[in-house]
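The two complexes that follow have subunit A in common; it is paired with subunit B in the first and with subunit C in the second.
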Partner chain A sequence: MPADGLGPELLTLAQLLLNGLALGAAYALVALGFVLVLNATGAVNFAQGDMVMLGGYAAVALGHLLPGAGLLLLPLVMLAMAVFGLLFSALAWRPFRHRPPIFGLLATVALGLTLQEAMNALEGAAPQAGPAFVGTGEIRLGPLGLPRAALGIVIACLVLGLAQGWLLGRTQFGRRLRASAQDPVTARALGLPVDRLIAASFALATALAGAVGLLLSGPYFVTPTAGNDLILRAYIAATIGGWGSLKGAVAGALMIALFESVVAGYASSVVATASLYGAVLLLLAVRPAGLFPAPLGRRA
Partner chain B sequence: MRRFFRPAPLVALAILAWLLGVLLVGSGYEQRLMAVAAAYALMAIGYHLVFGQAGALSLAQGACFAIGAYAAGILGGRMGWPLWAEFPAAILLPAVLAAVAHRPVRRLGGHYFALATLGFAVLVRLVAVDAQDLTGGANGLVGVPPLPVAVLGLARGPGMMLIGWGLAGLGAALAVWLTRGNGPALALVRADPGLARASGLDPERIRAQGFVWAAGFAGAGGALYAHVLGLVSPDTAEFSVMIGCLAMVVIGGRHSIAGAVLGALLIGHLPEWLRPLGASYRIAYGLGLFACLLVAPAGLIGSLERFRPARSYAVAPEPLPRVDVPRSALRITAARKAYGGLAVLHDVSLDIRPGEILGLIGPNGSGKTTLINGISGLDRLNQGTIMLGDARLDGLSPDRVALAGVARSFQSVAVDDGLAPLELVTAALTAKGGRAGFGRTPAIEALRQRAAGLLRRVGIGDPAATDSGTLRLADIARALALDPAVLLLDEPAAGLDAAERDRLAALLCTLAAEGRALLVVEHDMVFLMGLADRVAVLLDGRIALVGTAAEVRADPAVRAAYLGPAPC
Partner chain C sequence: MKRLATLLLVLVATSAVAAEPVRLPILVPVTGFLSLEGTSQRNGALLALKQAPAEPAVSGEVIDTATAPENAANALLRALDEGPVPAIVAPMLGTQMLALMPMAAEEKLPLVTVSGTASLTEQGNPWVFRFFPSDRLAKEAQVRYTVEQLGKRKLALIYQTTAYGQSGATYIAASAKRHGASLVFSEGIDTDVKDLAPILGRAAASGADALLLHLHAGSTALAIRQVASLGITLPVVAGSALHQPATAALLDPKELKGMCAESGSSPVSGGSPALDQFLADYRAAFGTDPDAYALAQYDGTRMLLDILAHGARTGEQVRAALATGAWDGVAMHYASDGHGDMAHSAVILCYGGLTRVPKIVQRYDGLDAG
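Up next is the complex of A and B:
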């Protein structure tokens, strides 16, 4: 037994929890973007995971273009993805804004598939490694070896999550965004540029997805279909967190990732995925409104 | 004109011509491709039932296709079951699994249903890839026996194609039988499940039926696919199969069987037509699906339908059948409803007698709509009983309440998808005829005639109009289609002009004279006071007074509630 009394089982658990936390933080940013667009448009954005994939490839390209850019990559990728988000909203939301939400969902399915296949044609299906954003290796903390990549993900997501909270909660822009999401008709009557605010929601959501793409491309590589698992988890996080709740989505994302990491660590990743979906089906059956139901009167 | 231009039969003819051409002069390869397209067609026809007809976004259709394929591979290939046993098993297995998986989430609609079915699909894929002993894992299964073409005395290519399209034809015929005459009811379930429920339809049951039938069709398609290819690969369980299926149904036209078949043929041939693109042909799925959503949201068939002139129903006003049985009184006893800690109704007791018009007034927030929601089953009361004659209604679902004889109208009616009044009323008439759903075939043209008569009776001349006044009256016609003993009307006169209002008042008097009991919530006092036999006043969730119009006008508490307390 090591000198400070931490048993090997406890060490393993700590590592698993850190990995889970890192994945959970990444899932949480994806889920935040998912719910942002959901609240703004009332429609599910099925391409949110593919935005992460695209952000990953953007990170790979920028990493080659600007070797040694380090932390500077984060704002660059996010900016590029925000611009792409504007373009995406013009295609996936604007033409369908007067139709039932199912059309928006189908449009994002169609565009997401197009993106996946386009990247498959351009880059091939083989996994590509992104730039080592915060370096590789471990930071030793007593008996614990903390992977730099995981720590970097946790810290970057924490910063971005707080920044997003500040943006939505404390700025005029954020107030307008929330107002137009809550009641577009009234917001329009008050003179808010609702259409532009919705486009901004897409830009913000896509920038967050791009950041996750950069963060995950280092330790986990990027493939054209990498987004599929992420959109599923964002979808589940938004559902168990209470449809439309930002905080609930973050909590849901963390729970999913910790659950998966721990079960995968002690059993296998197949068991983890299977039991995750089993648990979700069970949860939908007993608590259809999620673990943290939104307050009464919230839009579904 | 209308008779000669019906898109679905024309497209079906074109498809038959295409199939015949390939059968007679096509190469063996083309015929095999056609047999694969038949498997897709079965999957797409099934998906059109759950998605296009019942309006539920299932994402498990691809998974059910995979279950069918693996069932054929395991039972027929590995265990050597004969075709006559293995093929039905491949249909039943996904249908039973779908029924079981649907049980816990049957109450969920919309996005939750999509997620639940997606979870189901992920689990199926996990089994396909990871349960190596059962499914062969990444290698899949080989040695699925070929279709018995020799028994039929056919060559391999034409034989596979004939068997495949024979099955697809049977499937199409079954789907025609399942949906025939149910168009308006299904359209209402898709457009507004709440309104459908109030019209006596059961959206949960209809969605469940659609889901299970769809799974069976997908199982048949998957088994056919496995037999045509002679193997099962884990790619069958990938999500791209599901997206392909979605693309088939949306591009072909999601409300039409011919559309689903057309979509399956087009998508099935896409890899061949786009061979220069190699594996990237699926970009064309994505772009084609997107372009179709953009320019032809109703799909190819739906776009053709638009050129078809609507049929006119010139009919006399429907004299509703005079019912001989005595109409019953509605008795509400000690009804209580609270949202969280906020009590909205306290011990409300009220009788509505046959043949009377009972007005219900009260300031905004006094609980009028909550009371109507409670009676009609939309909200569950916390306490209290509701009796119609000897039948107890509290605790029943809204569709059962509606069929039991208590129909309601809504304060605001906005039906998505442009459901015309004629279809709305026809849907309610379908429900009245018995438990509407797949496979029940109402005499739809006769019902449409009656619906046009009901619309004429409430004062609507053009059964295709969708302005707000018309929709409001149409909602009353929809409630009347249930031939209710009790009619609950939530602000029926709001938004009507003077002439429409007079006609409405005359209509309500006739309905009461037929022995129906009417509860009318209304803010227009001139309208209501002239009409109502008795008026009940609801103040802060309590019945403050029941009396004649004159008594209510004179009551100080009512005056205080409406005009403010007297200054001295």
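Up next is the complex of A and C:
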């Protein structure tokens, strides 16, 4: 690898950072969806990782139907998953909306496991490769080789994250969504369709998960259990970022991915995992409310 | 007249008994994390049953053992509830086999399996018969090829941190030492690690002259892809996961170029009329390509069916025949080493870069002779 002014160590670090950033961006979208549902319903959606898995299989199927569709697949997968999100909310949240949040949590666990077994029965346990979202290979920037897949993930996640921020912060729909999440009783009294807005939160979160499923299925494949480790990361990201904080979830997700890539690059993946959880424990001891604690009543 | 009636009654009763098929339960993990390999195992057994000798009639009943040991134990109890059986096609998952072995000894039932877990046949249980090279033999082939054929002696090893991975890593380390090679890099990764670039980068920078992989299918495919994309030029000799058509299907033929792997066999590579026939029959029956597990279970079940055709009906009779007999299967010649290990050969296969069908470049017979 030619150095061209950059030392090999610096090049290695740059590659590790880019890979970490790509994974972190994907984890961040999963965590954003997780927090979105958490704030809307007060319940943890343990099936968010399985939605990513389902999005991956949707991408594989659509990739076969529309070979070479590339970028066009993203809105298609997100649309399909948003519709599934509405169905999911009807099954996992609506029947239990007047019960304590633990009912909703257990419903998401049950539905997530059902999805895993269903995909195992339909597609088998073998990994499947999704379509290449933005092609394969590298883009050379001098001595630095930037994998197209990693760049595509970073850019797509950035665009989607910003779009979600705009949707929630700058539109009437977003304001209604946040109002119903903050105080559903008052929102309902003011005539807001709270149940429909919560269903929309599920649809949005599931669409984001679907996007991640598409983005990861190409370079990292998809299996029926692929969502298990993602939901763990989303949960940790939400916890260290600040329970209910969107920007905290993003920061937490990036931190996890940087540990996985950079620490693993200089030590080992076992050390990376151990030191990540050590850092999480330390952080929670110092800042129990997380990096960006969301003020009560101002979530979403 | 009375005698004739009695004779008729005896004949009717005998024919009724004769018409009753011999039951052969097929206990395999067709759901859960091992369902890809478990489905291959099931298909191999079912294809053998489909081609069984006309007498005796044998009925195979597939029972899913998923992945927990207790599931396998329950599956065996369920199979035995419905009457006596002469043998069991037993799951390839080592932990499930360990749960079944004491039960098999108590019931005097031979377990015919393709599990690679080496310790199964090291416990003095005479009811286990393995038709797939154990991890110890497979890893011996992997290291021997790297050292003897590639001439590499400074090895980097990346293995999975699961029981399968750690067991294989131990055998690789022992085999490398035996062959005068050293492991200059050895590190485990969890199955959920997606970015393998960091570990591959360190392995390449370790001074190693060859890279050995002992990973599950998904991680193997990720590693191969990232080796190609990082431009790592070390020769790669992977574990048997790479020989599976489903794993190769994840990768572009260019990414596979030059990559090698150990396996019990490589049915898609063909190489003999019997293998070509098996490949055609399997594809016709299941619409997919077979892997080495399917072929091994096919061979094991064919030997079992032959033993039944020669009159064995009880577990003890079948055990005696398996322990003392031999079988020229499609993949290799099988005979027990006295501990229930029937398979003593392994192959090394390599991909040329134009297709996803590998070529067998080396065959090792009598691997455990020493």
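Going forward, the second predicted complex is superposed on the first by the 288 of 300 C-alpha atoms of A that agree within 3 Å, B and C clash if a C-alpha of one lies under 4 Å from a C-alpha of the other, contacts with A are read in each partner's own complex, and residues count from 1 in each chain.
By definition in this document, a contact is a pair of C-beta atoms (placed from the backbone, for glycine too) under 8 Å apart; a residue touches a chain by one contact, two chains touch by 3 or more.
Not measured: the values here are computed from a predicted model.
Peer 1: Using the superposition on subunit A, tell me whether subunit B and subunit C clash or fit.
Peer 2: In the arrangement built by aligning on subunit A, the partners subunit C and subunit B clash.
Peer 1: Would you check which partner chain A:T273 touches, where first means subunit B only, second means subunit C only, and both and neither mean what they say?
Peer 2: After superposing on A, A:T273 lies in contact with both subunit B and subunit C.
Peer 1: With both complexes superposed on chain A, which partner does A:P193 reach: first (subunit B), second (subunit C), both or neither?
Peer 2: Neither partner.
Peer 1: Look at A:P147 in the shared chain and tell me whether it touches subunit B only, subunit C only, both, or neither; answer first, second, both or neither.
Peer 2: After superposing on A, A:P147 lies in contact with subunit C but is clear of subunit B.
Peer 1: Which partner chains sit in contact with A:G135 here, subunit B, subunit C, both or neither? Use first/second/both/neither.
Peer 2: neither
Peer 1: Quick one: is A:G169 in contact with subunit B, with subunit C, with both, or with neither? Answer first, second, both or neither.
Peer 2: neither
Peer 1: In the superposed arrangement, which partner chain does A:N120 touch: subunit B (first), subunit C (second), both, or neither?
Peer 2: both
Peer 1: Counting only touches as set out at the top, which of subunit B and subunit C does A:G20 meet: first, second, both, neither?
Peer 2: The answer is second: A:G20 touches subunit C but not subunit B.
Peer 1: For A:G265, decide between first (touching subunit B), second (touching subunit C), both and neither.
Peer 2: Only subunit C is touched by A:G265; subunit B is not.
Peer 1: For the superposed three-chain arrangement, which subunit B stretch in 57-65, 75-83, 129-137 or 165-173 runs into subunit C?
Peer 2: After superposing on chain A, the clashing stretch of subunit B is 129-137.
Peer 1: Quick check on the output: what are the common subunit A residues between the subunit B footprint and the subunit C footprint?
Peer 2: Shared contact residues on subunit A (touching subunit B in one complex, subunit C in the other): 117, 120-121, 228, 270, 273.
Peer 1: Mind listing the subunit A positions that touch subunit B in their complex?
Peer 2: 44, 91, 95-96, 99-100, 102-103, 105-107, 109-115, 117-118, 120-121, 228, 232, 235-236, 239, 243, 270, 273-274, 277-278, 280-282, 284-285, 288, 296, 300
Peer 1: Give every residue of subunit A touching subunit C within the complex, in rising order.
Peer 2: 1, 12, 15-16, 19-20, 23, 117, 120-121, 124-129, 136-138, 147, 216, 219-221, 223, 225, 228-229, 260-262, 264-266, 268-270, 273
Peer 1: Spell out the residues on subunit B that touch subunit A in their complex, using ranges where they run on.
Peer 2: Subunit B residues touching subunit A: 57, 101, 104-105, 107-108, 110-112, 114-116, 118-120, 122-123, 126, 130, 239-240, 243, 246-247, 250, 277, 279-280, 282-283, 285-287, 289-290, 293-294, 297, 339-340, 416-417.
Peer 1: With touch defined as at the start, can you tell me which subunit C residues reach subunit A in the complex?
Peer 2: Per the stated touch rule, the residues are 31-36, 39, 161, 187-190, 192-195, 197-199, 201-202, 217-218, 221-222, 225, 229, 231, 244, 246-247, 249-252.
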